[in-house]
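Dropping a structure here in structure tokens format, bear with me for questions.
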């Protein structure tokens, strides 16, 4: 970054960190340009973003992992281009993260406490995994229950990013019968701004994009009514799916290996939940834009939606019943027939009674006495 | 409850109850009708075997001589509406999947664009029928709350289905849920209102045709 | 003993069967039946909509024979049928309905509304809500043997005239004859040419026939007023006579509802099939014609048209026979619009012509027949029902139309080739 017309980077800033890592101004600007586009911001914002990030103090981030599978961490670290996602780790100070931190045990908890004290009111809290309310013993860290740790750490946070469907909506632990009593971050924390970044796991660039927004503007991106950033979760998979023309034409795969499947036709009949799932999979895709489930031949399972695991069988089309069966209908038919037999008996007895009550009509009986 | 939760409920226990009430209700109503029996006709029939109502079951669909000119709106809006409804229910691909899920049976679908057009026509026809029902002195006299409720219950699935498909007004998942709820309402109302004519018209036409055929008249 | 509301409601309960339950279940309130009914089309009054005439019966069905209706009744939510309502409905069920059957042909869901009106009349009559004039006619029919009070001596007098005119003996009480001939009071009083024409035709065809002294009346007021007990009483006289005289076939005369009563309702009223056939005179003449036994010569050059009596054509199945017969003698036969099974009622059947209260409505309804006739341009109208004949003569006079009305039997007889002239 030794260009005479550029200001020197202040110590403790992101810019300093980039310079130390040998990231060129050009590479950095490229990153910011890409981010700007991802966030659907005007191109002129790229340089604004670059300046803001360069001047920014590296943001303190505390990452709490509760009942999770570590898939969200795996996802965020999947970067093909060393400069993109890794760059994010140079813009923040990741003060606490079970998987990525070097420290362990008491030292790790101490680092968390210190970060909370030094950055009170300003640190970003990222949470993945659900919180068990059934019994605190289901998931503890250093003997502290998830609930206690969340409440304690949320207190001094500037904002919370719930990452992954478990943290945002309860996820797979919450699936019926929810043995641990799993709940989401939003079910517990009510007094802090929460950005929900669901997905099982979320797409890497979606996670980093949200962070970049926060770093650039110091504020939360526009959220939908489920707390998800509209820039990434504003459209359904169905509305951005490249196989949509086949849906519209009525060309569907019937099995996973039939000719239609090989031709890449729509997977609606194989249970694709694309129409009711909001995420960026069809545009941003996975593995740096390589593919996404539908492109690989499997229907969307709706993993960024609340209670997706209990939203009906994965391989039954959306228009199919979740649980109704012909057995059930047969039972209803039997019940109807039983009621029918009862009403038959009733109707017949009314009719028979009327027949018995019939009095032979004579011509005198055509007149009313009381008229 | 999120929209997806509502959708899962609509596809799940709500649908189960609606279907069970529908099936039980239809069967109950059939027993209600047939339980009353029909006395054997001891007069010599002109046709052997005596009476066949099957012909009338089909031919009664056509307007008798002179009637189309007298009531074109009733007949034409009736045909357009029923055709659109029938096509939408039985030949839209996602609906065929529903039947497959319930019975295991399936058949080829018609192009969605064609059904889309038929549904628009059906809704226009329903509006025409409402206007006609309110404007015609005979229909107005015959009509009660039940007729207007049945009209709304019939319009809603068409309208919400159309809106869902075209992403109109409400968010898609919610719109789809409303569509399924509206169908469930229709299912529950059908056996116990004039909508039951969907089943009983076959019985009525048969009895009618049978009575007339014994006299040697095709009705 | 007298009529009571309870007897009427009981009769409603008795008559409701599976077809009626199906019909009420199927009605979608489309009102198309109104467009088939001449009482609506010629007056524009919505209350004459056929299905509307059945409202009290429908409510009894709902309250007695459906689960929801029964629940509603138990909870006190249903509107029970009252005398006041039946009084209001009396003119709808009797004055504005001839049981013509057009509504039954037209209903898109297949309702046989005519069938239901016939059954509803059972309750109307049992509760004392039948028209005065019809009660009087029925009383005469049961007590005297004819709704118009015609007794055997009156017929005897006519027989004498006919014999004198034709020179042919009219057989009476001839056991073992092939055919038992019946007549309607209207024919006996107004149209003696029927009997004389019949005599000559049967002579030429070599048909053996007879009248019965105690069963010459074919009409059945019980059918029209809707009191099956009385209808049974009336029709049984014919059945007893036919069995006594051991005839092969009973001929129903030029009368509409008599054919319905004898041919279609009779066996059901009696509770057992007949041991003899029943044919309408048109069917017999058609058979004779087909067998070459009906020889005519010469053609009638007058423009002629034919009115299909409802109970004979649409509700009885005798549609082509009159046309085949007319083909033999009519040089200028013109079908009126809607001829055949959809022909329009004369407006006087089903007891309406006997009901003086219904006269002005009947004459209003006649406008449709008037238009049909005008469309043909014919000056002569042929028919095969004496009641239609008198009703149409009255209507034609009311509208100052110069159209003559004749019976088909009498027309054929005019052109009969007889061995001895």
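Each chain carries a letter (A, B and C) given by its place in the written order, and its residues are counted from 1.
To be clear about the criterion, a contact is a pair of C-beta atoms (placed from the backbone, for glycine too) under 8 Å apart; a residue touches a chain by one contact, two chains touch by 3 or more.
Owing to the predicted nature of the structure, the values given are computational and were not obtained by experimental measurement.
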Reference chain A; chain at largest CA-centroid distance: C
Pair with more cross-chain C-beta pairs in contact, given A-C and A-B: A-B
CA centroid of chain B to CA centroid of chain C, Å: 38
CA centroid of chain A to CA centroid of chain C, Å: 78
Whole-Å gap separating chain A and chain B, where each centre is the average of the chain's CA atoms: 40
Per-residue overlap in chain A, given as positions that touch at least 2 other chains: 339, 343, 347, 351
Where chain B touches two or more other chains at once, by residue number: 28, 32, 34-36
Per-residue overlap in chain C, given as positions that touch at least 2 other chains: 16, 65, 67
Of chain B, residues touching chain C in the complex: 28-29, 32-39, 41-44, 46, 56-57, 60-61, 64-67, 70-71, 74, 78, 133, 136-143, 147, 192, 194, 196-197, 200-201, 203-209, 211-212, 215-219
Residue ranges of chain A touching chain C (in the complex, touch as defined): 339, 343, 346-347, 350-351, 354-355, 357-371
Chain C to chain A touching residues, read off their complex: 1-4, 7, 10-11, 13-14, 16, 64-65, 67, 70, 125-128, 130, 135, 138-139, 142-143, 225, 227-230
Chain B contact footprint on chain C (complex, rising order): 16-23, 25-32, 34-36, 40, 44, 46-47, 49, 51-52, 65-68, 104-112, 115, 263-268, 270-274, 277, 314-317, 319, 338, 341-342
Touching residues on chain B, where the partner in the complex is chain A: 2-5, 7-8, 11-13, 15-16, 19-28, 30-32, 34-36, 93-95, 97-98, 100-104, 109, 111-113, 167, 172-173, 176
